[in-house]
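Consider the two complexes below, in which chain A is the common component and chain B and chain C are the respective partners.
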Partner chain A sequence: MTTTSSTTQAAPLVTKVRLRDLPVEQRRALLAARLRRAGTYTVALLIALWILLPIWLIGTLAFSAPLDVRTYPKQAAPIPFSTETMEFFLNARGVLPATRNSIVVALMTLALSTVISAPAGYAIARYFFRGRDLFRLSILAVRAFPIVILAVPLAVTFRTWGIYDRVYSVALMHTALTLPTTILVVSSVFASVPRELEEAAKVFGCNPLQAFLRVVMPLALPGIAASAIFTFVMSWNEVFAAVLLTLENRTLPALILYNLDKSGDPFKFAGGFFMLIPSLIFIFFVRRYLFNMWGQITK
Partner chain B sequence: MAEIRIENAVKTFGKVVAVNRVSLTVHDREFVVLLGPSGCGKTTLLRAIAGLGMVDSGRILIGGRDVTYLPPKDRDISMVFQGYAIFPHMNVFDNIAFGLRMKRVPKEEIARRVREAAELLHIEDFLERFPSQLSGGQRQRVAVARAIAVHSSVLLMDEPLSNLDALLRLRMRAELKRLLNEIQATTVYVTHDQIEALSMGDRIAVMRNGEILQFDTPSRVYDVPADRFVAGFIGTPPMNFLEAQIRRENGTPRAYIGDFALDPIPEMREELARRDGERIIVGIRAENMETLGQPAPDALRVKVLVVEPLGSQNLLTIQIGSDVIKASTHPDFTVEPNQDIWIRFPGDKIRWIDRDSGRTIIPDLEKLAST
Partner chain C sequence: MRFRNMNWAPYLLILPSFIYLLLFFGWPMIASLQLAFRRDSQILPLRAEPGAETPVVGELERGTTVEVIDVQLFETQKAGGLLTEKVFWLEVSGPNPEGETVTGWALRGNVFVQDASRSDRGTVRAATATLRAEPHPDAEPVGELPRGTALTILEWGKVDSKVAAGGLLQKPQNWLRVSGETASGEVVEGWVNRAPLFLEDAKISAQGRVQSGEGSKEWTLDYVKRMLRDPKFMQALRTTLLLIVIILPIQFTLAIIMALVLQSQLKFNTLFLYIYAIPLGISDLAAGLVWYTIFTQNGYLNSFLQSLGLIERPFIFISSTNKEWIIVAIVLAEVWRATSIVMVIVVSGLQAIPRDYLEAGELFGASLWQRLRHIILPLLKPSLQVALILRTILAFQVFAVVVAISGGDVVTVLANETYRWYDIGAYNNKNVAAAYAGFIMLLSLSIAIFYLRAVRTQEEKEAAA
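Take a look at the complex of A and B:
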């Protein structure tokens, strides 16, 4: 369809405003508006650089030859590109078993945490029960409690129970650590599924469980998946509990931390990059739900 | 055969009484509208019928069966939600088929009934689409199609048109009316739009503060509102109210608006005679007053404040003493602001409203309020 217009010639929709063509007052206003915008972008850019620059540096050095990594000044881009440093790291003693441990711990944490947080989050999102607010507060309080204080009692308890230095004991600890956040995220995911949809399911023949499985669950699944990945990354990165509770069966962060002062730069950069990957993937998937959690729901 | 009977339903939320001892009977295949301002309890009452919110006390019967404590799925109802509530993860076909699948209807039968419902709502070309690919009006049609496909004996609608734009609403209103006439389900329809209620319902239950003020046909609700609230809520513009005083002269009561005397119709005389000396409210609709350009013996002289030409009529804002009222006139009746005109009140169109209770004084009021 063409728009009918009184002008026969095709005039450009937006005519470029030239600053010097404007009267002084308008010129000043426009200039101020442009400056404000430039200022906002500058600040945003600085913040982005603050976070992205180290990541870029780690990535660059992880894919440079070990010799280049040791020299100063460091290079700004992985040229020439080399996988030698990464290979060196992956072949270092204990890295592969530790990686396996880390994956097992993270998967166990993910499973446990999801199984527990889904019903808990659903209850918080949907039902007004006595003590709901207290429950919510206590969940957060767990997170506020510094784990350092618990270090010695935990190690002793795990030892007396005979589950010290086991992979699944780290997973148990990680589940306890991640649950507060996971429950809150999952409950915000459930809260974003309109109640009306669930009611419609009930009107059209579902009992509460069927309504949950057929309507609420499929709609919440992407969010729950995101929260599961979040749990995975939290566990993958967690180092304190892992160091505390293991000796032989180190997870990857625990191993890297343990070896930090004994190894050279190539090991550190390659390890850093290797640890980083899951987090980057996670952030890519999860950002929508994290915004949602803080109430900035954009549709 | 599905009559809906609500007996003494009470529903409270904390200290708020949302539905206050409501009794209501909707006949088989009748179209009843629950009308009222927001917070009047109409949606709460509808949800109680649906089983989405249980009543605190009272009974709900559908087709003679006590369903008060049954879950929604066992009540033989279907519903159209205000936000449509169509499932975003299913395409249109699956949405319409949802209720039938839950009932384990055979596959061929499902396909047939989905097609039938889709054709009734003119969405048969969109069956493969997902809700996100549909416009608001189309989603609304899917919601209605889903509700009628299950062939339930009761159809509940919660402000189904409120999310559509004005023009689309007008079209859907007529279409829904035709459709509901065709499927012959007992329908309860909630709205706050009085025009929707007047134009669609067989009967209207006007609600306020959790109570039903009047349950009657649209023409009766409009013409003989049971009380001042109903009169002021229904109609565009709402009914006019004038302060008057009853005085008995030679045994017959007359109502004085200032110095101007109104003569009630003979049927009202006995009732009004008992209120000699009392103040009363005279209610009259804008279109029921006769406007005259010249003085007449039985006409009241008034001042025109505003003239609003609306095309099919001119709406006048008129000052009478301290009261301001609206009168509609033929568009040919030319008048300027600040001009004086004369108006005549036809006796049979005047509604007499008790000043304290707000109830309309009608000899057979009991018949009006009966449910």
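Take a look at the complex of A and C:
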């Protein structure tokens, strides 16, 4: 986010200069620059509105009383504010256990994915070895791999292995889904830690493990935490594999999806909003690392 | 301390992920192909009672003609007892491979019932049964029959699905045309759901054929053929492709605009970045539900239009006659949800463009459009290409958005059909599901190869010029 674009160069000039003191053509240019800037702001705000408005609307319904949820025309703000609909959703049968399942699955995925991907990410960032490019390429290929094709055979296999409909089998599947992304992100995090620091640590008598633990790790930790959070969100959101791999131990998205045609609107609205909450919170924490994460895949 | 010189350290480090990916990507891929192309269903085990847990009492070979003795709607508990799933079990009798006649229960999906001549008498089991003009829950009622009324069944009909907005599962429902006396002694005739009726002598004495089971392996194209013959297949393929063709251009235009806005160093830039990035963490299911609140009959769009006075009463956007509006809702939801990822890729690409180029363009008085056309877009091509491949492949898997908005009945997509074929409550055929999954894989691969080749030939052309 360091490069500036084009239309903005005139902006710092505007500070103290009065328009009417300037020659005509400069005045015009300044006005045009200001207009352009105002246009950019308008576009920026419109896009923000496009993203936020639907969230506001479903939030409104989630926090209106059930009676208000059913009224038509709908109100544009949750007045009077009520947690009744939300409580109804949370107390609907299966929702709390499914939420617990979802959290457990996401935490297991986070742990497994981070533990497995960290060494691989480090290897890609720090070593040049034969097959490195091939490994990177296959991870990229796998990253875009359809979940759909994995979920069907895995569900069948899990059945024969007797681990069908278990929380940890969903976590195994989710780890497979998130692993490629996590490896790429972690490798970019490690790559951003200057190699010189590690070398210096070794010069001062650290062995490679100590150098890694005392120098690289503390510097890489925030980035890895961001990637872990993102892994959590990916697992929390995943629905296709979860609905195929479970019957009774549904995760939250699987439960909601499965009950869509059997449940009324308040359930859907509250459920939809409830599922949004983690993304609202977590994206806030990882926003600085987004380009680290996703920018990677273009390189 | 010679790790760096001994070359095996990096291999050791990547080994766990390598094994994991092999186990959960390489191997399922092969398993999927096996499911789709290998017949593993030669022998059908018969159970003592309806239900998969009961002991096997006999076996029938695939293709055996059997007599269907009884049919039962068997309920299994699902989702922690929240739901009961109803599956038909048939009691069949036929010669096993040794020539003995065996009798036992099998899942409806495994036996093809050729001709169902069924019971013609029944009574009303529920408090009342409503007769309707058509075999559909929304059809106009023509009469009410109280509990215990004797009925004559005139016709068996089967309605393939609930055409309800939330109707995720397509379950065949039996509707009967019956006649009976109402409380006032009047004889009425009409359609009624099978559920509130007790059918005397509900045995289907009919011919059936075993069509799948478990057992030996051989290669087959049957599942692929079955997928191709599935009437929903073309529909799903068309919709999936249509969605891609509509969504991608909108998404890329919007993503480039968002990236340019973020690059122009506005005040509150980090706030805008946060807002624009929110959809990255939103699931397709949640996005579908969000847009469902807008497009549903009593939703925000109708509220808004009515408050403007543009409509008199709510317009039903999501209904079987309004496919276009369902597509519009899905497109909006997908653009809303998945543009952020393209935006992030574009921003990373923009950051890699040397500032000199942009400044040079500005210096020579190029307009925004000229700079975009001649500097930014050409330099952004590698990023756009990656985003394009990624988005297209992900678009082949669009699933929960469609189901959340439309129920997946009226408008269906490939991933939804995969799920339906797999689902025990629907078609319960993992092989056809695997064929669908394989088809999605094939599409994704060919589209990736197509893009890459298109780019390469263009580069060659440029190099030659």
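Just so we're on the same page, the second predicted complex is superposed on the first by the 266 of 299 C-alpha atoms of A that agree within 3 Å, B and C clash if a C-alpha of one lies under 4 Å from a C-alpha of the other, contacts with A are read in each partner's own complex, and residues count from 1 in each chain.
Keep in mind that, in the parts below, a contact is a pair of C-beta atoms (placed from the backbone, for glycine too) under 8 Å apart; a residue touches a chain by one contact, two chains touch by 3 or more.
Just so it is clear, the model here is predicted, and its values are computed rather than measured.
In this superposed model built on chain A, chain B and chain C occupy separate space and fit side by side. Of the two partner chains, chain B is the only one touched by A:E196; chain C is not. Shared-chain residue A:N207: touches chain B and chain C both.
Look at A:P66: by the touch rule set out above, it reaches neither chain B nor chain C. For chain A, the partner touching the most residues, choosing from chain B and chain C, is C.
By the touch criterion stated above, A:V215 is placed in contact with chain B alone, chain C being left untouched. Superposition on the common chain A brings chain B within a closest Cα-Cα distance of 7 Å of chain C.
Overlaid on A, the two complexes show chain B and chain C touching the same residues of chain A, namely 207.
Residues of chain B touching chain A in their complex: 50-52, 71-73, 77-79, 81-83, 85-89, 98-99, 102-103, 146, 150. Contact residues of chain A toward chain B in the complex are 194, 196-197, 199-207, 210, 215, 218-219. Note for the complex: chain C touches chain A at residues 1, 3-4, 7, 9-14, 16-18, 20-21, 23-25, 28-29, 31-32, 34-35, 77-83, 162, 164, 166-169, 254, 257-258, 260-266, 269-270, 272-286, 288-294, 296, 298-300, 302-304, 306-307, 314, 336, 341, 344-345, 347-351, 353, 355, 358-359, 361-362, 368, 371, 382-383, 386-387, 389-390, 393-394, 396-397, 399-400, 403-404, 407, 414-415, 418-419, 422, 424, 430, 433-434, 436-438, 440-441, 444, 448. Contact residues of chain A toward chain C in the complex are 1-9, 40-41, 43-44, 47-48, 50-52, 54-55, 57-58, 61, 70-74, 93-94, 97, 116-117, 119-120, 122-124, 126-127, 129-130, 132, 135, 138-139, 142-157, 172-173, 175-176, 179-180, 183, 207-208, 230, 233, 236-240, 243-244, 247-250, 253, 255-263, 265, 268-269, 271-273, 275-276, 278-280, 282-284, 287, 290-291, 293-295, 297-298.
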